[in-house]
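Notes to accompany the following structure.
Think of it as A, B and C in the order they're written, each chain with its own count starting at 1.
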Amino acid sequence: MALQTWTLVDVEAASSAPDATFLPENGDGPARGCSVSQTVLRGGLREGVRAVEVNNGSFRFVVLPDRGMGLWKGWLGDVELGWKSPVKGPVNPAFVPIWEESGLGWLSGFDELLCRCGLESNGAPDRDDNGRLKYPLHGKIANTPAHRVDVSIDDASGEIAVSGIVDEARMYHNKLRMKSTVRTRAGLPGLTVVDEVTNLSAENGELQLVYHINFGQPLLDPGSRFVAPIRTLVPRDARAAEGVAAWDTYGQEQPGFTEQVYFMELAAGEDGRTQTLLRNAHGNQGVSLHFNKKQLPCFTLWKSTQAASDGYVTGLEPGINFPNPRSYEKEHARVATLKPGQTLRFEIELEVHATAESVSQAEQNIAALQGAVKPRIFERPMPRWTSAAEG
Amino acid sequence: MALQTWTLVDVEAASSAPDATFLPENGDGPARGCSVSQTVLRGGLREGVRAVEVNNGSFRFVVLPDRGMGLWKGWLGDVELGWKSPVKGPVNPAFVPIWEESGLGWLSGFDELLCRCGLESNGAPDRDDNGRLKYPLHGKIANTPAHRVDVSIDDASGEIAVSGIVDEARMYHNKLRMKSTVRTRAGLPGLTVVDEVTNLSAENGELQLVYHINFGQPLLDPGSRFVAPIRTLVPRDARAAEGVAAWDTYGQEQPGFTEQVYFMELAAGEDGRTQTLLRNAHGNQGVSLHFNKKQLPCFTLWKSTQAASDGYVTGLEPGINFPNPRSYEKEHARVATLKPGQTLRFEIELEVHATAESVSQAEQNIAALQGAVKPRIFERPMPRWTSAAEG
Amino acid sequence: MALQTWTLVDVEAASSAPDATFLPENGDGPARGCSVSQTVLRGGLREGVRAVEVNNGSFRFVVLPDRGMGLWKGWLGDVELGWKSPVKGPVNPAFVPIWEESGLGWLSGFDELLCRCGLESNGAPDRDDNGRLKYPLHGKIANTPAHRVDVSIDDASGEIAVSGIVDEARMYHNKLRMKSTVRTRAGLPGLTVVDEVTNLSAENGELQLVYHINFGQPLLDPGSRFVAPIRTLVPRDARAAEGVAAWDTYGQEQPGFTEQVYFMELAAGEDGRTQTLLRNAHGNQGVSLHFNKKQLPCFTLWKSTQAASDGYVTGLEPGINFPNPRSYEKEHARVATLKPGQTLRFEIELEVHATAESVSQAEQNIAALQGAVKPRIFERPMPRWTSAAEG
């Protein structure tokens, strides 16, 4: 049999698989060396969280169905993807106080390589006219468990997939369903995330979506550089403006470093495809994101190079919006409206570079995308881009 | 042996039964065909929720001890009780943000056939003088797990019971205990809920209680009708007033339909017993509630015939109060005071009608209760009934 | 082998021990009769909470790793330590709404013999300038699960220890780690808690810490007395001032009793060591706390002698601060600052007195500590001590 499938979670069938490792039927076929393992984590804040580890023979990564199909960490040889959060995750959503009045409770669960900010809202906390928290930091999807999870290994092609369905829905509110599939193939140095967000409602629905993709040490080191084809770059606020001259490089660990955030429009090919790269100081390790600007027109770079113990990290964040407060994004038409039954599709490829050649090739690709486009780098926050720039 | 009992949950004994099915000892006795099964649900938002399914040979239903002894769904042949909520429940209370500042977080857990609103408070969100959320929508009891759960099958009489004890108690606050028993008998087309609420405190306690009993498709269809012996009916607000001419019938799915709510005093027999009926368009399926007006003097009808995907549903809601904000109900003496040790008892019978004859008989019973009483149907919200009518 | 160790929880290894009892290898050695048992509790609000029961042959007690290494109850022959809370705990932190807008949600999880209030904050709820809850009652540590738990039995010395590591940490906020060890020895009528709080951050961290150690019936009875070497005593508020004449004795159960709280500076030996005693009316049962005033300079006595059903209880509370709102304590220099990597150590010994002789000996010890120091008992709240005394 070519394609084997296993169901890990299916609430309709009231079933949940015990911890297990799934292997290709034909151990000598194209899926040789591949496996998918489910472990239910125990203890501390991670009690009860399912970790689904995919190993394609050279690249390993962990999918977290209970954290909105986030990706926890990844490993390719020496290259480790992810970061060391002050939070010992992955955190069971039951322990994350996203409705803490500060609006920042989401941070109590934040330790992933890739987590989604959305679906109804993301960005900085936003309040209603009475000052009541309406949209907490980065929304709910990263703390919503998938109610259906499937795994497949295709013995013929070596393809592996983990898919999950997560609903962000309640009566009298938005009813969005995300079907997320994380795919890789035997030996591939990376993975692809394909998310389809469907409006289950007979009324219009609204969507914000930012992919918060985070890297720390050792990949991120002093002298690391972010490389991307830039059309326009805007510092989010005065603090980011301070660092705009060195916006694309990373310094030493600096205790007390206040985050710097840059909003960008990237250049892209005619088909909309574009690429960004994070490379280390030596240029012999890196990671690229490939995505389509037609799907994800906004790009945010988050630099937070505090001490390692406080979370030395950068976030590469393609999205349909910038992480301003939702009301600001709505005003600037960066909230998507989905008609009843409508589905929007988002695809991001994460490619790991384990050699100087691979890093160099990525830089050449990005240079080609940049081509004759002259980057406009603003030195201060600009209206329509960032709420900090408004009167 | 006539009466068999099993303990599913007993925190005193630190015990919790594994998934199991309980059967009458004598397979050919009066309890023939009866069973009670416990399943701990897994995955998504329902992770860890105990589902106790009772089958009396013809009628099946599911009790949810971890959701305050709510009833999830029921089935009698073709007749399905319950509704299709946008929420994929039953939801573990750990995932329900009832303290979300909007006060509406309760909706994130709402998908039952029968859930209780209470015990200290229910109704619309209510705030203190500083604008802080004091009583979130519908209170806490539906998201409080039972700490003791027992099951019994009586081989002699065919009686089956599931009982649970749920405390809503904390230091310096109300200390109420609800002992709930859901009973049925072999072959009976329905069940009876008996709740005893006791004030555990040496000080007075306060109680609000509304039974939110909800029906959707296919039982609820366009042309369905609500039938009850009416003394007085008051639309809750201007929106309900718009629909008062057709208050007792249901229309097609209507995307974006805004809920309409009617408050009533019902007619009843001298003993206080009364009955309400929901019947489908063809009059060949329906469900009756039997209860005592002396226990549950207020009746609320909730109509929410949005599209199926958004929750086409109606709620029949006997209560000791109307679901206005708690402070309004307190002002109008619809909050019960329980003396130290005092117990109040509430009983609701849910009878399923699977034939036109049975529906017709229910209509005749209700006509008899109506008798010579002339219903007063107000066309607009009235003071003392609804907070929307107050200056 | 002398020292045996077992790991109950280790999130790094994704491991969590099944329910088990651990015994000394040599059943006839000094650890004769000792055992440590782990049970994961099931049902109600305690679903999933690990209870680790230590039995040293004469004294038994229960450690709760998932509730910030709190102690649930203890037993020495007839003497029961702990109290009967209106809450049926121990409560899984996932069910405790500490961010409820009242700021009092912590009470929904409060039923322990010993729980910590901290680490970033404790005391009465505190709000920011916008009136938003910033520091909920008593902070987060009591509702944070340990991510590493170890048990040891030393066959040579008869020593038993349960240790746990609990982090209160998140990005852009405090990052404190508490390593807590609860120790006892075969036959010892008590236990010692040693907590080491380390600032994991490269920036300064801030710490508040109060040990909320609670006793109820039958140990606490009418005529019980609190005995301590007093330098200064200040009633917290007008209500406490009402009772200052009898501040050290306990009355009958009194329904509706409003709590009375006294703040103290104790006398101590030159090494800082001091002792407090709670003794019953007959003086034949009691419990002492031994600790060091250099570590824990503030002492709070909480009297709450309501009816048994409402929680007849007293709290003996050594701390580095008084449980005023955090901003008040900060203003009065009772918030500790920890430099990067700095560790503060706290040790409390809990000694059970099961005989009149033992109680009497404790009274003599305390009299010696009091020595020539003349207690200053203020009759009303004093500035700098309690926020109730400020303009």
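In this text, contacts are C-beta pairs under 8 Å (C-beta built on N, C-alpha and C of every residue); 3 or more make two chains touch, one makes a residue touch a chain.
Quantities reported herein were computed from a predicted structural model and do not represent experimental measurements.
Because contacts link each chain to all the remaining chains, their graph is best described as complete.
The pairing of subunit B with subunit C is characterised as different-residue: of all residue numbers used at this interface, under half are used by both copies.
One inter-chain figure worth recording: subunit B and subunit C are separated by 42 Å, centre to centre, where each centre is the mean of the chain's CA atoms. Residue positions of subunit A touching 2 or more other chains, listed in rising order: 48, 94, 99, 101.
The touching residues of subunit C, counted against subunit A in their complex, run 9-11, 14-16, 48, 66, 93-94, 98-99, 101, 130, 132-134, 144-149, 167, 169-173, 175, 200-203, 340. Within the complex, the subunit C residues that touch subunit B are 39, 41-48, 51, 85-88, 92, 94-95, 97, 99-102, 104-105, 107-108, 110, 131, 253, 255-256, 259, 304, 306-311.
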